[in-house]
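The structure under discussion appears below in the form of structure tokens.
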Amino acid sequence: MGKPDKEGNEEPKEDDVKRKISLIEAALYVAGRPLDLKTLGSIIGSRSKRKIRELARMLMKEYQKRNSSLEVLELEDQRFVLQLKADYASKVRRLAVKPLLTDGPLRTLAYIAYRQPVSQKQVISARGTHAYKHIKQLLEMGLIERKRFGRNKILRTTEYFADYFGLSHNPAVMKKQIARILSNIKNKGKNDKTEKKE
Amino acid sequence: MGKPDKEGNEEPKEDDVKRKISLIEAALYVAGRPLDLKTLGSIIGSRSKRKIRELARMLMKEYQKRNSSLEVLELEDQRFVLQLKADYASKVRRLAVKPLLTDGPLRTLAYIAYRQPVSQKQVISARGTHAYKHIKQLLEMGLIERKRFGRNKILRTTEYFADYFGLSHNPAVMKKQIARILSNIKNKGKNDKTEKKE
Amino acid sequence: MKPESERPFYFHPPWNILFDPQMLEKIDPWKINLSFLLLSFLEEMEKRSVIDFRASGIALDSSATVYLMKSKLLLKLEEPPSPPPPKPSPDYVPPPLILPLRYELTTTTIQNLLEALEDALKTEKIFRIRTPQRGESFSPPQGVIPQVSIYLMEMEEQMRILLQKIRSIIRRGEIATFSRLVKGMKKIEQVRDFIILLFLAHRKKVSLWQSEGSDEIYITLGEGAIDGEAR
């Protein structure tokens, strides 16, 4: 991409950096999922992972500085994602086009993520029989997977799930991360609860 | 927006303005389509159209100042939209991987758009009983709306549908647009078809 | 260089450790008994009646270093271990996990919509001939057909052949009807094809329609067949 700047002028170089950061922003906006350095590199025409990461981090910092409703995050495996800050989710969720999961299935998902690997039987006994429907829905969405072990059906979250939340693929690490997320939600939830009821 | 009286207690008010602008941004981001002042007002808890428009314009200006890949635009009918600038679209479009709808529901949607206003009965008879499920999905996604006329249920597309495909909100104009593009495709299709088959 | 015997006593073990900073760094501080070293060092000086303040100073400095090393290690040990994650009660149900909201551009364009429209209009044409009975389609066979086991075994193949036949009729722009499909066949073959047709309908490969007051069955390609063909 960037043409060699004539006369060692700094301005075109700065423009080039700005343009590349904007391209990374565009890519993250359109994809709506975490993108790795290779993919981002293919968009800005660079193969230097160091360089790409540096640019993506500049975008991330810019978003931090703006302090608006959107955030750019760097995930564990050097992937970046643009998303709405969690604080805003409850206020604007209803405007999302794709039908999103309602509270019930999200609770069942949280339970499975927290207890995994967990038998379907245990999930049903903790969440009630309506959880059969939730499990079906979560399976369809590819957020959980079900395997047979003898007479038991064992549920656990998928890699897609981990990617969606930007969590580690290592089950032990992921469980810790989930526990942390859930305790955050729990604390925040105490303040939001009245709003959510609407 | 508060006047700049430096001695007065401006801070909480400024924070409130900032928060509301962020909420408008959140709404536009999640919706991915133009939103009218009423919808935006419902998000920030305001009924004053003047006030809502003022805040949305502040967001628009902020985006202009950032000069990044995203822009906030005010449409003719006082609706606002957050979107990717056209220059960037071609560079990152390939990162979009999911279709809005699968083939079946898309056909049902196309049929409704072309024949609207159309009775649900007619849609089912033209598209088969599986179209019941399509109609449910399209309603959930806000792409069509259903109204009762006596014993009939009448279907038509929504403004969101028109916005998504860049069509006119005026049903008559929209139908003409569709017919025109359709005949273009047909002519082109005749040449393309042989290639596609291979 | 002085011979070994002429060097001061404190350059010999066990006191030499206090006078060799490099050695001091390497050794485990917990293995150094400072009180023994210092007391014996003083006793030895008294015994020999050689009071060397410089050597005493160095011994003091080294002792301080060893103390520092020991206390650093102690502090390290005393750092509170990270508390284990709180064990939830067995019936604890966590709060709902909120999925992050992300806008995502979809791949569907107006072009796709209109191609879909073309397909939809093609199917509509076939129906325009009759008034369809409301939402009626045939239910799948209920397993009441006697003596068809061999036949069921090759059902897949039979279905494939029949579907091909229906497709070729539609591709010619003609209307696929049951009577057309079984024209010139024996009664038993007609029944056989009818059953296959029901299986096809069950799998959504075809849709079947009947207009009021007529025995004719109209056949159109179902979603399964059209999708399959596209791929």
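For this structure, a couple of remarks:
Order of writing sets the labels: A, B and C. Residues in every chain begin at 1.
Rule of thumb we're sticking to: contacts are C-beta pairs under 8 Å (C-beta built on N, C-alpha and C of every residue); 3 or more make two chains touch, one makes a residue touch a chain.
Fair warning: this is a prediction, and the values are worked out from it, not measured in the lab.
Of all the chains, the one whose CA centre sits at the greatest distance from that of subunit A is B.
Central chain (C-alpha centroid nearest the global protein C-alpha centroid): A. The interface holding more C-beta pairs in contact, when A-C is weighed against B-C, is B-C. In this assembly, the C-alpha centroid of subunit A lies 24 Å from the C-alpha centroid of subunit B.
The distance from the centre of subunit A to the centre of subunit C, each centre being the mean of the chain's C-alpha atoms, comes to 13 Å. The distance from the centre of subunit B to the centre of subunit C, with each centre set as the mean of the Cα atoms, comes to 32 Å.
Listed for subunit A are residues 29-31, 84, 88, 92-93, 96, each touching two or more other chains. Multi-chain contact residues of subunit C (touching two or more other chains) are listed as 101, 103-105.
Interface residues of subunit A facing subunit C in the complex, by the touch rule stated above, are 29-33, 81-84, 86, 88-90, 92-93, 96, 100-101, 103, 106-107, 109-111, 113-114, 126-127, 164-165, 176, 178-179, 181-182, 185-186, 189. In the complex of the two chains, the subunit C residues touching subunit A come out as 85, 91, 93-105. On subunit A, the positions that touch subunit B within their shared complex are 18, 21-23, 25-27, 29-31, 35, 39, 43, 66, 68-70, 84-85, 88, 91-93, 95-99. Residues of subunit C touching subunit B in their complex: 101, 103-121, 123-124, 127, 132, 134-135, 137, 204, 207, 220, 222-223, 226-227, 230.
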